[in-house]
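Listed next: structures, encoded as structure tokens.
Across the two complexes that follow, chain A remains constant while its partner is chain B and subsequently chain C.
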Partner chain A sequence: MDLDTLLSFEWGAMAPEFIILGVATILSIVDLFAPKHLDRKIFGWIGFAGILLALASLINLVGLGPVSILYDTFRLDGFAKAFKILLLIGAALVMLLALSYKPKEGMEEYKGEFYYLLLAGLLGAMMMASSGDLITLFVGLELLSLSSYILAGIRKKHLPSNESAMKYVVNGGIATAFTLFGMSYVYGLTGTTNLIEMTNVLPNLANAQYIYILGIAFFMIFVGLSFKLATAPFHMWAPDVYQGAPTPVTAFLSVVSKTAGFVILIRILLTVFGNAFAGNSGVAAMTNFLVGMQDYIAFLAAATMIIGNVVALRQRNIKRVFAYSSIAHAGYLLVAVTAMSSFMFDALWFYLGAYLFMNVGAFAVIQLLTQHTDNEDIGVFAGLYKRAPWLAVAMGVFILSLAGIPGTAGFIGKLNIFIGALASEPAHYVLASVMIATTVISYFYYFGVLTQMFFRPAAEDEGEGGKIRVPVGLSIALVICVVATIVFGLFPNIALDFFHTNFEGFADFLQ
Partner chain B sequence: MENAWIIPLFPLISFLFLLLFGRRLKENSGYVGMALTFLSLIYSLVVLFDRFNHPTYKAEATWLAIGDVQLTAGFEVNQLNALMLVIVSLVSFLVHTYSKGYMHGDDRFHIFYAYLGLFTFAMLGLVVSPNLLQTYIFWELVGVGSFLLIGFYFYKEEAKAAAKKAFIMTRIGDVGLLIGMILLFWQVGSFEYDAIFLAVEEGAISAGIITLTAILIFIGAVGKSGQFPLHTWLPDAMEGPTPVSALIHAATMVAAGVYLVAALFPLFTASETALMTVAVIGAFTAIFAASIGLVQTDIKRVLAYSTVSQLGYMMLALGSAGYVAGVFHLMTHAFFKALLFLAAGSVIHAVHTQNIEEMGGLWKKLRLTGPLFLIGTLAISGVPLFSGFFSKDEILIAAWTNGNPVLFWLAVIAAFFTAFYMFRLFFMVFTGQSRSEMKNVHESPKVMTVPMIVLGVLAVVAGYFNTPWFGTFLGDWLVEGNEALGHGHTEGPAWIMIVATLVSLLGIFLAWLMYGKKSLQRDWLSSRMPITYNMLYNKYYLDEFYALSVVKTTKGLSVLLSYIEAFVVEGIVKGVAGIVHGLGKTGSKIQSGQVQAYGTVAFVGLAVLVVVYVLAGGYLK
Partner chain C sequence: MTFSGELLAFLCLALVAVIGGVLLLNLTKVVHMVVALVFTFISLAGIYVLLSAEFVAVVQVLIYSGAITIIMLFGIMLTRHNDTSEPKGGALKKIFLFLGVLGFGVAVYIGIYNLDFNPQATTLHENNTEQIGMALYSKYIIPFELTSVLLLVALIGAIILAKNDNKKEADKE
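So, the complex of A and B:
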């Protein structure tokens, strides 16, 4: 390839990625040479500014038609843009949390790394959203994973943090192996790593029996990716890792990493498997492959919702409660994936957005309450309303939204998914009922937190010293999250209209 | 009427304002709340009078578009809504005023008023909603308001437990409502009341679905209105401050279930089975709760069971196709029951106990509360010329003409019970010997008695809006322009009125014999039939039954599942991991088998999926 071809690509479409990459690189170099006594907090603000800049440049690109660079290794279509907006907003909020994070034993000497690893992880997530080639997708996935492993263990002198990182890396390795194995089968069947080309090859496979190999590949990839989503059967790492990791990292894992997981899952599912047919033999002839897989996904979705919500009942550690809650929410999202209704994209996008705000908000409050004492018992919420009424009200909003109470974004999200599950053909009654039933179960643990905040007296020794000071970064994040949770709950059309007018239902998804 | 949407906003402003500045205002918060609810009341009255001369007004805008589905939000003023607006804002205003005296001296005075504002907002929002979804949203918000107010004295363990119980019990009903609502949406493609009625009328929905959805929605109403078997939260909810009981658990929120059935009345009339269910549950609840009320000793609990019972009456009326009777009783009940609760609050305020066995001889000391309580008691007992007499009469006629004598006689017996236990309450509290420890008993301040006087007047005159003697003005107006709701007034045989009167007088007479004149032994029931007495006293042991069955099962299930997670899943895996462990000489503490466990679970999961896939020959279908 000569230089002219190389230059003829619309590199401008990659501006958000370049900005993140640039900021991360600069920060890592400066961190090496900057004097030790320099407060690395400024890095965090630079990183935050970088994310905002990337977000601005991405919004600037929204009007642009689909762009493909180097045979789809990078592609910017409506799908990529829509989800990258979520990733960037999520990362920006997490950055605000990280800026205010002050664990007991201090982490001054490696605070710098913390910020640019977060950016590296974000870059990986963005590549996962924005590629049409298995290799780049996988590289993005690994970039995100590797950054997250280190982030989980960044409190070097904190034993649970080390444990969490270790467990995360081992499980992540297994998951990666699954995914890669599955991808290799797909490559073997089609002879290409380009997703679009695969959609053209797969319907016309030479031998109908190959469909079984495709099936195995499907399960491999799905189970491998379920690690990133934290859904059954690859959910068990989540409670341990969420508990041990520093709180901003937990927020990052439960929001950005999970969103990226869903993005790559949808991309692969719909392009590779969405168009594959079950061959032309037998009764099942001409059945869409993916439709045939619906029941399996439905089963995993149901299992995830049940496990997440039921086991959460027994937890006392607040971060474990939220780990199981995050498993449960991934289960709800899988319901939308199962249904494959005509507005699956709307439902997923809105839910992930709503989840982003309510969950980051909740973690912001958790971080504030737990970081000084390392006490993560649910009792830290006791009497919060007395100690810090605004904080309690904010947390109340997040909890209500997570529980799916009307008037909040979480309710609209659930409603979207629910209607999608019933409106699709055939309707998924069983799955919808499981969703309702498990949602009801979730009230028990969510309202447990509410009861603590509003109806329990504060612990004695925290009487006067219990005054809580909210750092600047955190309060910005909290305000954004509360406002977004309520506004998108009352006027969901703001978000959905933006979605419909700008991304045209992802018409360019397969172009 | 075009601006009726502003009515719910006043209390909302009150809520937000008090949340922001309440702490500084202290007890002046009360004036803010009172002023803003007063505006709501004035505006509701304007809307009501406007509605007499103008047709139904409805306005809405698209709120949310999912795919092709447009969900709307807006408000509607029809006869039922306009009437409810006035009832809710009136009672709320009176309770706001009353609380100024009742809550005096409480540290969290302003928070109480803020919560009251939130609740009133939600309730007013509920009654102007033109579609099911919006109704549902406010329905839940009302539940949140009730949750906060029941748990207001959160330092009392009982209050906390009651708040949680109320929320969860009503949520059980709400799940029914939600499913019914979604089913309706799925069939009709809209949450709009009008669209649903149109579809029902045109026969676009199959009879089975109509019955199913109507019953599911009724389950929601059962939860909210404390009908059997989800009634147990309502008596416990009496742990909240008494003005709250008057507002939420007598006049407004618990009536929301009745309102919902009334608002969806055309749906219910389309299904015989659904109507029958409503009627049977209503009649059963009426007599069931009344029989429990016979032996309770806590003044508020007696009133709570009487509320449950009266709500059962309303359901019975609606289920017997007596739309007007049900709504009429809803209105009169709101007034006289709010009066009774406020008067009870005034008694408790004076004597600082809720146990009626410790009271007595208060008639002379509470010169205002006593007569007012008597008015309320006469009204609820259905003594002629008081409001309850007319509305109860309507219900009995509806039950009779609908052709179900069993339900009719159940209602008559319940009326007898009602008269008995209400006068038992009255005689025990206000007559007889005054107790020695109750020397310093004073009448409540004006700010508390004036709202009671207003309600007292209404408890008498509210009946005359709709009487067989002077014209059925209210009934005719309620059903005007909508045949599906039935007739404004149904003529019933004259003997019903006589029977109703006799029965209530008999109940009063018996109560007088036992508790007034004391010529009959008080422990007549408990000594003759200890089993019956204990069963009634313990509310048929329903709470215990629930504790044993539902709660235990849920807890058991969660324990079981977490054990499965901990032992079965990890146990299997630990076997595998144990081998690994044995092979490796030392395993560091961090890698103690668990990590392998997680991976193994994933691996086993994958293996199971693939095996099923292969066995199923590719697809499950």
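So, the complex of A and C:
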């Protein structure tokens, strides 16, 4: 390959990735040579600006048709664009949270590293969203995982942080092994790592033996990726890691990492295993294969919703409550994946977007209340309405949205998924009823937080220290999250219309 | 399946690899575990040679049996080198684990024991290394470059986690 061929590709389509990579590299070099006393907070603002710039360049690319560089190792289609927008917004909000993060024992020495590791993780997540090749997808997955492992353990003097990083690495290693094992079988069967080529090869392999192996491969890939989603059977790490990791990192894991997990899952599921779904090859055995797998995903979705919501009832630590709540939300999203209705993409995209705003907002409030004392008991919310009324109202909005009360974005998201489960053929009545039942269960723990904020008196020893000062970065993030949660709850069509006009239901998914 | 020298070689190598893995789990001294691991690595390299993937075989010996093992030994020497792992778990747990592993093994075996692929590629051994290089630096240049970012992240992470950050010592320097 000579230089002309190399330059003939549309590298402009990769502009958002190049921006993130460039900012991360520059920050790491500047960090090395900058004087020790320089406040590394400026890095955070540069990183934030970089993410916004990448977002702007991505929105600039929205009108572009599907671009494929070097045999699909990078591809920019509607699917990639839609989800990369979510990833970038999520990462920008998390960056704002990180800017205002001041743990008790101080983290000045690693502030700089914190920001560019966050950017590196974001780069991995973006590559996971826009590639049509198993190798790139896997490298992106590992880049995200590796950055997250380090971020989780970056508070070196804080024992729970060390524990959480260790647990995350061990569990992540096992999950990666599962994923890679499954991928290797798919590669062995089809002889290619390119997802689209696989779609063309697989219909020729429709005999019982191959389908059996494909089943094993599917099972392994799904189990491995369920680690990133924090769904059953790989959810056990979530409470410990969420609790121990610094709060901005927890927000990153529960929003950006989860979104990236769903993106890679859908990409592999629908292109490799779902060619019957796309309707371009009606091999009967293949269709049976996917329907059989559907029952399995449905079972996992139900198990995830039940485990997440029921165990959350017993938690006293606020970050553990939100860890189980995040497991439960992954379960709701799996319902959409199971149903595979015609508007699965809309439902998933909208729900992930709504979840992004409400969850980052909730973590912003949690960070503000818990960082000074390291006290993460649910009691820190006691009397918040008296101490800081606006903060309490904001948190109230997020909680209502997470619970799925009408008038918030969370409600619309849940409604979309619910209708999708009933509208698909065959309708998933059991799954839909499990979803309703577990949502009702979730009201108990969500409203427990509300009771603390509005009806409980504040603890006495905080008499004069009750004043809460909200840092600039955090207040920007809070305002954005509150506004988005309410606006998308009242006028969901703003988001859905944008989605339909610009991405045309991902018609270019398999091109 | 006919009996051939290739099959015999494969059986020996596979047996050594599996025994190495089992020993790794059952031995109690860390240094012995590393030695067991080396057996697995080297026999895997032998299997790669049988599959005419010479380059991968050489890399396997260099990186895994060489570099990684040495780093592990260094790690063991610099920390508690007489460490032994405590026996863990009850008998019931062990039985369940064994059944799980057995079940998985059977499930995979059912899938592969009678697998019949279409005619295999026969040119894999010709200029093996060159072919890999061509693919890596042209077709797969994007994941290749992304891997370098991955390594950078791993490097920075290792420095963050391992650096001795005693403030006073840092000021003395």
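What to note about this one:
Operating definition for what follows: the second predicted complex is superposed on the first by the 496 of 511 C-alpha atoms of A that agree within 3 Å, B and C clash if a C-alpha of one lies under 4 Å from a C-alpha of the other, contacts with A are read in each partner's own complex, and residues count from 1 in each chain.
One rule holds for everything that comes next: contacts are C-beta pairs under 8 Å (C-beta built on N, C-alpha and C of every residue); 3 or more make two chains touch, one makes a residue touch a chain.
Treat the numbers as computed from the prediction; the structure is a model and nothing was measured.
When the two complexes are superposed, the chain touching more residues of chain A, out of chain B and chain C, is B. Contacts of A:A232 after superposition: chain B is touched, whereas chain C is not reached. Judged by the touch definition given at the top, the superposed model places A:F454 against chain B, while chain C stays out of reach. In the superposition on chain A, contact of A:E10 is made with neither chain B nor chain C.
When the two complexes are overlaid on their common chain A, residue A:V311 makes contact with chain B while staying clear of chain C. Once chain A of one complex is fitted onto chain A of the other, the partner contacts of A:D133 are limited to chain C, with no touch recorded for chain B.
Of the two partner chains, neither chain B nor chain C is touched by A:E197. By the touch criterion stated above, A:Y296 is placed in contact with chain B alone, chain C being left untouched. In the superposition on chain A, contact of A:Y212 is made with both chain B and chain C. Once the two complexes are overlaid on the shared chain, A:I412 sits against chain B while remaining clear of chain C. Applying the stated touch rule to the two superposed structures, the overlap between the chain B and chain C interfaces on chain A comprises residues 212, 216.
Residue ranges of chain B in contact with chain A, taken from their complex: 19, 62-67, 69, 136-137, 140-141, 144, 148, 151, 154-155, 160, 163-164, 167-168, 171-172, 175, 178-179, 182, 185-186, 557-559, 561-562, 565, 590-591, 594-595, 597-599, 601-606, 609-610, 612-614, 618-621. On the chain A side of its complex with chain B, the touching residues are 162-163, 166-167, 170-171, 174-175, 178, 211-212, 215-216, 219-220, 223, 226-227, 232-234, 236-237, 240, 278, 284, 287, 292-293, 295-296, 306-307, 310-311, 313-314, 341-343, 346-347, 393, 400, 405-407, 411-412, 415-416, 418-420, 422-423, 427, 436, 440, 443-444, 447, 451, 454-457, 491-493, 496-497, 500.
On the chain C side of its complex with chain A, the touching residues are 107-108, 110-112, 114-116, 137-143, 146-147, 149-150, 152-154, 156-157, 160-161, 165.
Across the complex, chain A meets chain C through its residues 1, 21, 24, 28, 69-71, 73-74, 109-110, 113, 116-117, 120, 123-124, 127, 131, 133, 135-136, 139-140, 142-143, 146-147, 149-150, 153-154, 156, 165, 209, 212-213, 216.
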